[in-house]
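You will see two complexes here that share subunit A, one where it goes with subunit B and one where it goes with subunit C.
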Partner chain A sequence: MPAAALADAAQVTLSGLATGGLYAVLMLGVILVFQVSKNINFAYGQTGMVGVFLSYFLYAVAGIPVVAALLAGLALALLVASLTDRLIIRNIPAREGFDLVVTLGELLLLTSLAQLAFGTNAQSYLKLLTNWTTVRGGVFINANDILCLLLGIAVTLGGHIVLTRTSLGTSLRASAADAAIAKSAGINVLGLRTAVWTVSGLLAWVAASLFAARLSVNAFYMTPIVINVFIAGMIGGLDRYWPPMIAAFTIALYQSWAIYLFGEAAGTPAVFILVILLLSLVPKRYLEERHEARA
Partner chain B sequence: MRLVPDLAVPHRPFQRAAGRRHGALFSAVALTAAWLAIPVLLGQYEVFIAAQVMIYAVATLGLDIVYGRAGQLSLAHASFFGLGAYTAALSGPLGIPLWVQPELVVLLAIAGGIIVAVPTLRLSGLRLALVTLLFGELFDWAIDHSLALTGGSQGMTVAPMTIGPFNSQGTVDAYLLASIIALGATLLTRQLARSQLGRRMLAVRDSELASASLGVPIVHTKITAFILSAVFAGAAGWVYAYVVGFVSPTTFNLFASVYFLVAVILGGAGRITGAWLGSAYIVLVPEVFNLVGYPNLFPVLGGGVLIAIALFLPGGLVEGAALIRAQLGLHRR
Partner chain C sequence: MGFRSVLTCFGTGSLMVLAMLAVAGPAGAAGCNPNEKSPGVTATTVRLGATMPLTGSAAAGGLGAGAGAKAYYAMVNAAGGVHGHKIDFTLLDDEYSPAAAERQMRVLIERDHVFAIAGGEGTPNFLAVVPLIEREGVPAIGPYAPSSELGTMKTPHVFMTAVNYITEFAIMTRYVRESDYARSFSLVGVQGNVGDDAKAGMEQGIGNPSIKVDYIPEIPGTPDFTPIATQLRRENAEWTFLILTNTDTGELLEAMHRIGYNPRTAAWAGMNDPGYIKAFGPVSQDMIVAEETAALDSSDPLVQQFVTQFTKETERAPGKFEELGWVQAELVVKALQDAKALTRSCLMDSLEQIRDFKTGLLPPITFGPDRRQGVNAVGLVQIKGGKVVEIVPFRALD
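So, the complex of A and B:
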């Protein structure tokens, strides 16, 4: 294989894995929320988006120092995530699929509020290392790509360690398995649940910030990203840990290669074809949603 | 405890049936009077908006069949609406005669319904929502990437449907065309609710396991629901394109599907009146916001309304009205 082709392959792979790292960051939030509260939050990406847009407004328009603006954006994302649990999710009527419906409403609400407050034009966010580039063997290595990849790996391993090796993880797994028994054993199930939702807000904000540094963003920019993360979750199964996390990296790599081989327009149909193939080929028992009581 | 049956009890069902008949007759007369009064009393723009309410009611009834009755959450509904609309839009350039188009729309919608339904038969919840959403995204992608044919994201104009003096973009003609299709869709849905198929859908929605144990053909019922839903949306989209005269992908994207969902849930899932109320909301309220100079507030309200109704009035406005009647002691005995 010629050196140029090898360099291209390495470039595509690095870019795909960097995106996969951010998908993994988002995926950890989806898994934690699903396992602890059995809910899916369609507005998950918008939780991070509103934080990013607030930061942008504060430093670019209001002239507030960047660190203070970032902290304010983070605080907003955490607030939105915890309020989603406290005010919305806990009050959902016991009807199948209503968490999806309600969070679709929240998706619409947050997107339109962001458009109203910050405008509809695409914005350029903080660079966050995207302008630090070096060339090694014909491959452009961007510091932001490396950061995203390392963050994805760290979050994946960290999530596993917290869930399996700490008392907090034991409490989380106990709450996920049976909230009533966990409560009788002295675990503050509701508090833990809100904490998990808040952590998901943190993860959404981190991923949204890093994606915003890589793209020119408008209020919709997190929607297709979160759809890809949900697809990875659908493929891996949200009641497991490693399969969806690996699927997050894999789907980004797959999409990156599809775009490289067939052009920019191939991204959407490539994911669609993958999903249809999987639905056709995987055994029925794999698709049974025994743990998705309400989702 | 009363052990001897009350002799007055047996005639109550007859009273109830007579009351229902009177109520239905009164409603029919009132609706017909309103239908006749709209083009006579209102201006051209208001009549055009009324036609749009009827068109959206047909599409909303379609989503109500698959979601409200069969319990299958579809986020591809706006795409079926778009399928019908783009069939009308492309028929002119492609030289498809008018008399072939309704059949073509129905066939395409049936094919679309089957294509969406078959891979999703084994799915529910998030997986079903995601796969239907992917179908919707694929439709948007196809429109965006066929620039020469559809105008891509810029959209395309649609020549009016003309038959003799009839012109689909004339106000009263548009109103008549929309009325015909809305009446047909409403009567069909009413008949469906009373049919064995309608009851099967409700059974599948409430419990697939129990339905299967009673011999309800789950696969057949789900596919039929998706097909009917797609045909309703496709037909509505076809009329929409001819009445409005312009189509663009933003009318048929994920947010449009969410608005249809807002319409079904706001009105009351599984209820014909609810679908009509919901479609009136998604057509009229944006117009009100346009009038007062705040068109961007409608999506905010749409999201808020979806959350509020789902949390506090999950049965929608129809159930809310029933609750109010019960509170006031106006419910039928």
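So, the complex of A and C:
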């Protein structure tokens, strides 16, 4: 294979893995919320988006120092995530599907509010190392790509260690398995649940910030990203840990190669073709959720 | 079935209608009938309507164009209206959605009984209402919906002032060929009619079948532009042309920059926008951009007059979308003023008589009995620093 083709292949692989790293960061939040509170939060990406948009507004428009603006954005994302649980999820009937409807409504609400507050134009965000590049063998290695990839790996491994080797992880697993028994054993189940939702807000904000640096900020930019994360979760199974986290990396890599080989229009169909193939060809025992392996 | 039987079946009246239709020929060639009954006109008002995106991702365009049109009609009404009729302008939100646009257009035509459709903003939403407009025979004047589907006698009731993307990209590509002797071109365009038109325009502008355009169709909303940027780098064209949303254009250029591919670039008129230049100016330096409406800081007295009048009416400075709405309204009022009577056929006739109408904001507008594309010219600007610099004034294809 000519050197230029190898360089292109490495370039596409690197960007796919970097995107996958950010998908993994988002995926950890989706898994934690699903396993601990049994909910899917469609407004998850928008939770990060409003935090990032607020940061942008504060440093770029209001002239507040960047660090303060970032902290304010982070605080908003944490607040939105925890309030989603405390004010919305806990107050709806515990019937299947209600969480989907109300968080879909929250997604639309946050999108509209962001448009009203910050406008409809896309805005260029902080560089976050996207402007630092080195060339190795014809491949442009961007520091932001490396950061996203390493962050994804660190979050994946860290999440596993916390869940399996710490007392916090034990409490989470106990709460997920049977909240009543966990409560009788002295675990603050509701407090843990709120903490999990808040951590999901943190993860959403981190991923949304890095995606904003790679793309731009507007009211919609997180929506297609979160759709891909949910698809990876569906393929891997949200009741497990490793399969969805690995699916987050692979789906991004797969989509990058599909776009590179077949054009951008092939990106979305390629993902759905993969889903259909997996669901129809892979034996059911590999796709069925392992309830004993909850967090 | 014999002729007598046909007469029996349809009745003499029906046959006469068929005969009249045959004699009349295609719609739009019937001429002015001052006695015709047209909706939307009272002794003191003439009712006009439009749909534009007022909410959603494309709201900036609709809100701006709507404000421009309203300001112009307010000025005309304050001066007494048109032939003693005040203009009653209804603007409805189509959300940039074809379904919503079709629903709102029905409201305008069937409930509000508008006399004509005055302006519009957005291609997919306007294309969705064209069948209804043609079926109901309502004149539609100057919508901003660049498309090769419009501007011909296939849609005789729609009078276009937005140059289509075939012409826009042909003019831009020809300039690049003449000024830079470029020999290799890439295009990234929104998949479908928009990208296809741009490609056809580039091929026309290149004028040499041996030079191919490497075309990459795009769908808005990708989470990573690096694969497209890598495809472009692989082809290594001297020039990359872009017809994407402003956000996607900026994000693709950022991705190209990150992987070290920095060709010369050219883009459709949407990048001639302060919001885009503010967000993505650093990666768009020297980009050539089509100019469909005149620069607001132009020294043309007509442009200066528009800025002054709009600012007086609204107490704020206009933007490009306000300029677009204003010039749409200006054309509508010109057609109403020149109409021999306030009937739809006379309005169509009036529009068909417009020749070389100079607004200063658009290239001169000319329609005719068989001509529905009123403008076939664009100017070219280049992004320099935080603003655009005109490099070619409005010019048409030879």
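Note that the second predicted complex is superposed on the first by the 282 of 295 C-alpha atoms of A that agree within 3 Å, B and C clash if a C-alpha of one lies under 4 Å from a C-alpha of the other, contacts with A are read in each partner's own complex, and residues count from 1 in each chain.
Here is the rule we go by: a residue touches a chain if its C-beta (ideal position, glycine included) is under 8 Å from a C-beta of that chain, and two chains touch if they have at least 3 such contacts.
Fair warning: this is a prediction, and the values are worked out from it, not measured in the lab.
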item	value
Subunit A as common anchor, with subunit B and subunit C clashing or fitting	clash
Partner chain in contact with A:Thr223 - subunit B first, subunit C second, else both or neither	both
Touching partner for A:Thr268 - first (subunit B), second (subunit C), both, neither	both
First (subunit B), second (subunit C), both or neither touched by A:Ser256	second
Touched partner set for A:Thr19, first subunit B, second subunit C, both or neither	second
First, second, both or neither for A:Thr170, with subunit B first and subunit C second	neither
Partner chain(s) touched by A:Ser124 [first = subunit B, second = subunit C, both, neither]	second
First, second, both or neither for A:Phe140, with subunit B first and subunit C second	second
Touched partner set for A:Phe98, first subunit B, second subunit C, both or neither	first
Partner chain in contact with A:Arg214 - subunit B first, subunit C second, else both or neither	second
41-49, 77-85 or 131-139: stretch of subunit B that collides with subunit C	41-49
Residues of subunit A contacting subunit B in one complex and subunit C in the other	115, 223-224, 265, 268
Of subunit A, residues touching subunit B in the complex	40, 88, 91-93, 95-98, 100-102, 104-113, 115-116, 223-224, 227, 230-231, 233-234, 238, 265, 268-269, 271-272, 275-276, 279-280, 284, 287, 289, 292, 295
Interface residues, subunit C side, partner subunit A - complex	57-60, 191, 216-219, 221-228, 230-231, 233-234, 246-247, 250-251, 254-255, 258-260, 275-276, 279-280
Footprint of subunit A on subunit B - complex, ascending	71, 73, 119-120, 122-127, 129-131, 133-135, 137-138, 141, 145, 254-255, 258, 261-262, 265, 296-297, 299-300, 302-307, 310-311, 314
Complex interface listing, subunit A residues touching subunit C	4-5, 8, 11-12, 15-16, 18-19, 115, 119-124, 130, 133, 135, 140, 142, 144, 211, 214-216, 218-221, 223-225, 228, 252, 255-257, 259-260, 263-265, 267-268
